[in-house]
Amino acid sequence: MNRLDTLRGPVAPLDHNARTIAALAVNPGCDRRALLDAAGVDKQKTAAYVGHPAPFGQSPFAITRAASFDALVKANGCAHLLRLLRETLGLSISEAAYADISDVGGNDSHQMRHTRTRALLKRAAAGGDGSCTLFDHPLLKLTVAGHEVYLEPSIIAFQIEGRFHVVEIKSFAVVDDQADAGQVAAAARQSAVYVHALRELFAAEGLDPERVSHDVVLVCPKDFANHPTATLLDVRQQLAALRRQLSRLTRIDRILEELPADFTFDLETQSPDEVGKAVGSVGARFAPECLSSCEMALFCRAEARGDGSTDLLGRTARDALGGLESIPAVLGLADESRPPSPEQLEIAEQLRYVRRLYTEAIA
Amino acid sequence: MIAETPAQAAAAATEAILADFTGGAHRGVIVDSPPGAGKTTLVVTAATTLADSGERLMIVAQTNEQVDDLADKLASKAPALTIGRLHSDGFSVPARVTRHPGVTASNKIEHVEACTVVIATADKWAYVTGRTWTWAIVDEAYQMRSDKLLAIAALFDRALFVGDPGQLDPFSVVDTERWAGLAWDPMQSAVAVIARLNNLPVHRLPVSWRLPASAAPLVSEAFYPFASFRSGTAAADRELRLTTAGFPVPWDRTLNEAAASGWALHELPSRHTIRTDAEAVQACAGLATRLLQRGAVAHDENGSHDVSPDRIAIGCAHNDQVAAIRAAGIPAGVTVDTANRLQGREYDVTIVLHPLSGRRDATAFHLESGRLCVLTSRHRHACIVVARAGIAELLDNHPSTGRVQLNVPVKFPDGWEANHAVLAHLSRHRIEA
Amino acid sequence: MPISKLGTSPPTDERTRALSIASCHRYWKTAGASGIDRLLLGLLIRSPTVELDALERRIAELRAQVRAAKAAADHATVRLLRAELRKTERAWDDALDPEPEPAQAPSLSVREQVHQALTLLGVPTAGKMIVAVNEAFFAGRVTAGQLTSLRRDEEKSFRTSPYARPYYLCAALTSELLSPARGLLAVSTWPAQIRIIGPLSPRTDFLTSAIRIAEHIARLIHAGEDASLAAYRLLTGMAQNIPGAVDGFDRAEPAQVIAAAGAELTIHRESDMHERGQAAKRAEKQLDQVTRLFGAGLKTARTA
Amino acid sequence: MSIMSSYARALAAQEGRAQPVATVRHVHLSAAPMVFIPLRLAGEAAAPLAAMVGTDPENPRLLVVPQPRNRDLRFAFMAELADVMLPYIEGFAEVVETVEAKTPYERYADAPQILVPSRGGVAFTKLLGRSTRFRRADGPYPVHPTVPVLGQWLTFFADRAEYAGSSALVAMTDALALHFATGQSPMEDANLATQLAWISPPDGQSGAKAALAAEDPLISPPAGPDTHPDFDGQVLEHAIRAYETSGSEAQVREALRSQLTPTWSLMWHAVRLLRGLPEAATVDVRWVRDREQFTRETARLAEGGSPRGRVDSAVRAAIRLADLESVVQTYEAQRAFDDPLVMIEHRVAGKAFTGEVVGVDAARRIVPAGKTRPAPRPLVTIRTSDPVRLSPGRKLFSSRNRKQRTEVVGIDGDLVVLQINDQMGRGASPAPGSLPEVGDVVCYAELDPGGGQRPRLPAGEDTPWTHGGPPTPYTPTDEDAEEAWS
C-alpha cells in the first residue's frame, strides 16, 4: 500500500476540484497542509475529530443564488452567453453549436464523460464538420502529486477561430465594472486550473496547448440586477503560480521520509489525541490568513498559541520583529530578562529601545 | 542576411521613431527604452532635429536631477541651441548646466519661453499657463504619474513619451482601489493612461549601451519578457580589473568573481533578521571600501578609467537601510540610495542589498519586479548582490493570494518569476561569506 | 407612514387578465383545439366573480361527472375532474369572501397547460421557459416543481397503454446518441426531426421560440388587444440576446424580433435541419416505439 | 506594521489584554453618534436584509426585509431607513456659525456621525448608496421620494470615509485599532467581538480566552454585513418561509434581532471605551473639515444637486487623489505631533527624534538659494539618543511650532544641527519665542502637517486628448433610475 494511503487510512481519498487545487498556492510553505492534501485526507473531518472544527460553511441563499445565475446564463441554448461572447470576443453569428457533456447518453461516469470531452475537443480542434463552439461541463483530468484526479468543472469551454477559452460563471456582482478583488482573484486561480488541465489535454492529444487561451471569460451579474456581463480575465500569473505549486508537490517524498513507517491520520483506528499528535508532528506554517482558507487553521492556531508563537500576530509583525519565533523571546529580549544570542543582538537592541520609549510614553 | 550591428539596429529604431513623431500621423509616440538604451541620446536627437527645422519644443522630466542632466547633455551636443531651464523658486541650478552659454535658467516662464527648447520638471510645468508648444518630449514617462501628465497635457499638441517600462511604477501614499480598472486611473503611469485611451505607436530601443554583455541577456529575459534587447557591446569590450591581488577572504573573492564575470552573489548564512541586518549592511559598505582599496580599473569601448567612488553605488529597498549603510562607514563619494532614487542613474559597479535578504515572508513591495530591475541594471561592469541564504525557499513558500481587479492589465513580469530568474543566475556566481 | 403602499409591483388588474384569457381563447380557436381543450377552456374563462349559484351548479355537475368517470374506470379523467372540482370549490369559497383573491390559477391540468405552452412555442423547451410562457400568455400558475416528474409519468403511462392519449409530453433526443436531452420537453405529435437536438438546435429552437412568441403578440395586437406585461417582458428578455432584435433596454417590438431572429435563423437553419433530419432517420430505424419518444440511454433515461 | 506596534501586540498576547498604542483619542466622537449595523442577504451584491440603527443605546430601531428577494420590500426598507436617518442627518443643518475669512462663510456648528462595526459596513453603505441614489419618485419604477435622498447621503458618507482622519462614517474596528494593540493579528481585529474581547475581557478572563469565546457565532453573531451561514440555513431560511406562508414578519424580525443585538451592545461599549480617552489636539481641526463638507453637501442637495455619477472622470479622479494624499500626509503628521506614543513609530524608524536643545545660533544669516539678500537662518543643535536616520537637506517640523520649516544641516554622533527657515517674524533677527531655547526638550520629525501647494488641473470640459478628451458630463438618465435591483 502506498504511504499516502496508509496516512489516510481505509477511506477513499477526497476528490480534488479546481478550488482545492488552487488552494495549493495559498500557503505553499506549510508541510502539514501539503501532506494532508496529497494524501487526500478529509481535513474538515480531521479538524472536527481533534476538537477544532473549521468554521466554514456556505449560506443556502448563496448556493441558490449561484445555481440560479448559472442556469440563467445557460438558459435557452446559452442565449446570454452567446450574446456576451459576440460582444466581447466578436464571435461570429454562425458559431452557435453547443454540446453538453454533463452526461453521455444518460451515463454520467467520469470515465465516460472524460472520453467524450476529449473526443469532442479533438474534433473541434481539428475544425472538422459538426465541430462545436460551446462545451458545457467538460470533464477534465489533472495529475496532482502523482495521482490522476478528475476536475468536476463548473465551466464552459469555448472556441473562437481555433482558440479555446474557458468560461467561468460566478454569481458575485460586477458593479460599475468593478468586483470584489478577493473573489476575482479566487475565480482567476480556479480558472487557471481549468486552463492548465485543458492545455494538458491538448498536449496529450498532440495538439498545441497554446491554443488554449490564458484569457478567461468571466461571466457575472451586472450591477444589482441578474443581467449577465462578461469580462476577460488574464490568468497568466495564476497559471505560472499553479505550475510552480504542482511541480513542488514532489517534495511530499521529503516530508514522508522524516515520518515513521506506521505514521497515520486514520480516524478509525486512532484516538483524537493520537491524531492530534500525528498532525502536530508535521511542521505547519500558521499565518492568520489560514483562518479563511484552511480547515485545520483553528488547530494550528491553538498550537501556535500554546507555543507563544509570533505567527499569531501576523506575517508582517513577525518580519518586523526580525523573525523572532516566540512572543516570550520578544518580551524577554526587550526587558533584558533573556540574554540575546549573537544573532539576536540587533533585534534585542531595537526591542530594548522600543520598550524604553513605549514605557516612557505610557507612564 | 548579414546580422545588424547594435549600432545599426539602434539607428534604425531612432529613425523610425523620429519619422513617426514628426510625421504627423499621431499625436503621441511611445518609446520603451530598456536600461541604458540611449534614451537621452534619442531625446537630444529629437530635440535637435526639431530645432533644426525651426520648431520650438518643451521637454518634461520628472526630477530636477534628470532635468539638469538633460540640459547639460543637450547643451553639450548642440551648443548653438538656446535652452531655457525653468525651475522652481529657491532651487539653485548646478554649474554643469549654467556653464553652457546657450542655457538661460529662471523660475519665470517669461524669461525662458523664447528659447528654442524649454526644459523643466513636470511639477514646474504644471504651473505654466496660457502658452502652448507644438512639440513636447516627456522623459521618464513610466515614472510619471498620470495625474501629473493631466496637469500639463494642455501645453502641447504632440508628444514623444520616452521611458523604461521595467522600472518602478509611480507610487502613492494612498491605498485605494476606487479607480481600479478605469483607463484613466490616476494612480497609473502616464504611459499606461495614454496607451489605453489612444491608439499610439509604440517603439522600443533594441540595444542597451550601458549593460555589459554579461548582464543584458539576464535583465532582458527576467524583466522585459515581451520586449527583449541586447547589449551594445561584446564581452571583450568591457573589463573590470582589480589592480591589487586580493586575500582569500570572502569580500575579496566576491570582488574577484564580480570582476571576472560581471556578477557576484555575496551570500551570508541563512537567518531571519531585521531590515537593517548589521552583517549585510557591513558587507555592502565593506565591499565598496574594498573595491576602492583594490584599485579597480574599468576598460570599455571609450578607453580606461579608474573606478572612482562616484562610479560606485549601493542600492537597497528601504530608507532605513540606506541610513544604516551610510552610518556603517562608506568611502566618501559612493552613492547609497533606494531603488526609487537610483532610477535612470548609471555606475560602473553597483552593490545591491537584496530586498528579500533575511526576510521570512515577502510582501508585494519586496517582490515588485521593478525594484529588482532598477537595482540590477544600473551597472556598466559588475553588479554585486548581498543577500542572506534562503531566498529561494522564501520564494517557494510565498503564497499567491493577491487581489485581482477587473480590467486592470496584468503587469509583467511577475515579481516572483523575475526574482527567481535573477536568483537562478546569481547562484552560478555565489560566494559564501 | 404606510410603507406597504409604496410597493411597485406591476398591476395584475382584471383587464390584463381578461385580455390574456381572451387571447388564449382565440389562439386555441385558430390552432384548432380539440374538444376536451374547448371544454377546459370554458372552465378557464370562469372567474371568482361568477355568481355563487352558477358555481354551485357547476360543482354538482362535476361531482356527477367524477362519479361517472370513476364507474368507467377512466382514472385520468377522474384526476382531471377532481382537480377541476377542487378549484371550483375554492372559487365558491372565494366568492363567499368579500375580499377578491388575486388571479386564480386556471383550471387546466398541469399536463394540459404544458401542452398549451409547447404548442405555442413549437419546439422542445426547458421547464423554465414553459413556466414563463404559461404565465405570460395563459395566466397560468404552473411551477417548475410540477414539471419535474411529468416526463417520467408520461413514459409510464405510454408504456402501460401506448397511444392511449391523443398526445404525450415526451423527450427530445440528442442527435448523436438519441438519448433524452436534459431538461427538455416535447410533444409526441410533432414531426420526429423537431424532437431531435443537434448542436445548433438549442440556438435555433431559441430563435424559433422568440419568433413564435412575437407572432403571438402580433396576433393579439392585430386583433385590437394587447399582450400582458409579462409577455412583453419575456419577449424583450429574449430579444436582448438576439442581434438587432431590440434597441438597448427598450421594450421589444414583435416585428423587429421576428425579422432579427429570422435573419439569424437563416444562418443556422440548413445545417441544423440536416443534422436533425439525419438523426431522425436513424431514430426511425434504430429505436422502438418507447425509445423513439422517450429516448435511448446508456442507462435508464433520466427524468426531465 | 512597525516594530513598535508589533511589540505592543506581543505584549498584549503575553499580558492577556490589549495594550495602548495611543494616549489620546484621534477620532472625533459626536455627542450623539448614530450607530448603524446593516446586514445583507448572502450571495447578493446589495440586498439589504436588516439593520439596527439609532442614537439611543437603549432604544435601537430594528428594520428588516422579510423577503429580501422582493424588490418592493427592499425599497420599503430603504424608505424606512430614510425615515430614521434623514431626520438625524438633516437635524444638523440648523445651527450655523460664521467663519471669519477673506470672504466670511457659514458652516453648520455640528455634523452627523455614523458608526458602523467594520470596513464591511462602510463598503456596504457605499453599495446601498450606489443602488438607491439614482432612483426616482416618478417614472415606471417609482420609489418613495426619500429613498434617492438617502442614497445621496449614504454616498456622501462612504466618500468621506475614504479621507484619512474623517470621522463622518467610522468603522469601529478601525477606530479601536488606532488606539489598542490586541494580542491577535490585524486580520482577526476586523472582528469587532474578538477585538473588544482583547480590549476589555470579562473579569478574570484573559483576552485570548475571551476572544476565543467571542468567535462562537452563537454568542457573538457576525457584525455584518454578512450573516453566518449556519444562521442562514438553520434559522433565517425557515423564518422567511414562515413569512411567505403567514405574511407575518414576526419570525424574521426575531431571528434578525438575535443577530443584531449583541453587536449593538458591542458598538456602544466601544463608544464608551473611546470616550474614556482624552481627545487629541487636532481632532477638532479635522472635524471642522467634516462639518464643512457636510455644509457643502447640504447646500448642494438643497439646490437639487443630481446624484454623483458612477465613476470619477479623469479630472475628478486626479483632484480626489490629490486631496486624499494631502489629508493622509496631514493626518499622519497631526497624529504623531498630538501623541508621543504615535511619535515613537517615527522615532524608531529614524524619521523623528526627541532631544534637548544644546545650542542656538540665532544670529546666523545667509543668502538662501535663489535669493540675493541675506536672511536669518538660525541653527539649532539638539542632543538626542534616538537613532536619527535623516540626511542633510531633509525638511522637518516640530510639535513646538507645526508650521515652522526647518531642515537638517548635519548630524554628528548624537548631535543634530537644524536650520530654521521661517516663522521668525519680519525683523532682521528672529522674533522672540520663535526659536527653541537651550535646555528645551523638543521633538522634530520629517512629517508635514500642512498641505502643500498644488497646481490647478484643467476643468473637466478641457480634459486633454491624453486622458481621453472631455468626457460627456454625467446627467442622470431614466435608465439609471430604472436599474433593475433583483
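Chains here go by letter, A, B, C and D, matching the order in which they are written, and residues are numbered from 1 within each.
The rule we apply is simple: a contact is a pair of C-beta atoms (placed from the backbone, for glycine too) under 8 Å apart; a residue touches a chain by one contact, two chains touch by 3 or more.
The chain lineup, named per UniProt: A = Secreted protein; B = Helicase.
Everything quoted here is computed from the prediction, not taken from an experiment.
Enquirer: Any chains in contact with both chain C and chain D?
Expert: A
Enquirer: Closest chain to the protein CA centroid?
Expert: Of the chains present, the most centrally placed is A.
Enquirer: Computing the C-alpha centre of each chain, which chain sits at the greatest distance from chain D?
Expert: C
Enquirer: Two chains share more C-beta contact pairs than any other pair here; which two are they?
Expert: A-D
Enquirer: Distance-wise, how many Å sit between the C-alpha centres of chain A (Secreted protein) and chain D, to the nearest whole number?
Expert: Distance between chain centres, rounded to whole Å: 34 Å.
Enquirer: Can you give the whole-Å distance between the Cα centres of chain B (Helicase) and chain C?
Expert: Here the centre of chain C sits 70 Å away from the centre of chain B (Helicase).
Enquirer: What is the distance in Å between the mean C-alpha positions of chain A (Secreted protein) and chain C?
Expert: Distance between chain centres: 44 Å.
Enquirer: Mind pulling the chain C residues that touch 2 or more other chains?
Expert: Where chain C is concerned, no single residue meets two or more other chains.
Enquirer: For chain D, give me the residues that contact two or more of the other chains.
Expert: 3, 311
Enquirer: Which residue numbers or ranges of chain B (Helicase) touch two or more of the other chains?
Expert: Expected reply: 274.
Enquirer: Which of the residues in chain D come into contact with chain B (Helicase) in the complex?
Expert: 3, 162, 311-315, 317-318, 320-322, 324-325, 328-329, 349-350, 368-371, 389-391, 455-458, 462-468
Enquirer: Would you tell me which residues of chain D are touching chain A (Secreted protein) in their complex?
Expert: 1-11, 13-14, 20, 23, 41-46, 127, 130-131, 183-188, 208, 215, 217, 227-230, 232-233, 236-237, 310-311, 340-341, 344, 347-348, 387, 483-486
Enquirer: Going by the contact rule at the top, pick out the chain B (Helicase) residues touching chain D in the complex.
Expert: These residues of chain B (Helicase) touch chain D: 27-28, 89-92, 107, 123, 126-127, 129, 146-147, 149-151, 153-154, 159, 172-174, 176, 178-179, 182-187, 190, 193-194, 197-198, 274, 319-320, 322-324, 326-327.
Enquirer: Which of the residues in chain A (Secreted protein) come into contact with chain B (Helicase) in the complex?
Expert: Interface residues on chain A (Secreted protein), with respect to chain B (Helicase): 25-29, 174, 177-179, 181-182, 184-185, 188-189, 218, 231, 233-234, 236-238, 240-241, 244, 248, 285, 287, 289, 293, 315-316, 318-319, 322-324, 343, 345-347, 350.
Enquirer: Name, in rising order, each residue of chain B (Helicase) that touches chain A (Secreted protein) in their complex.
Expert: Answer in residue numbers: 177, 180-181, 271-274, 276-278, 358-361, 363, 393, 396-407, 409-410, 412, 414, 416-417.
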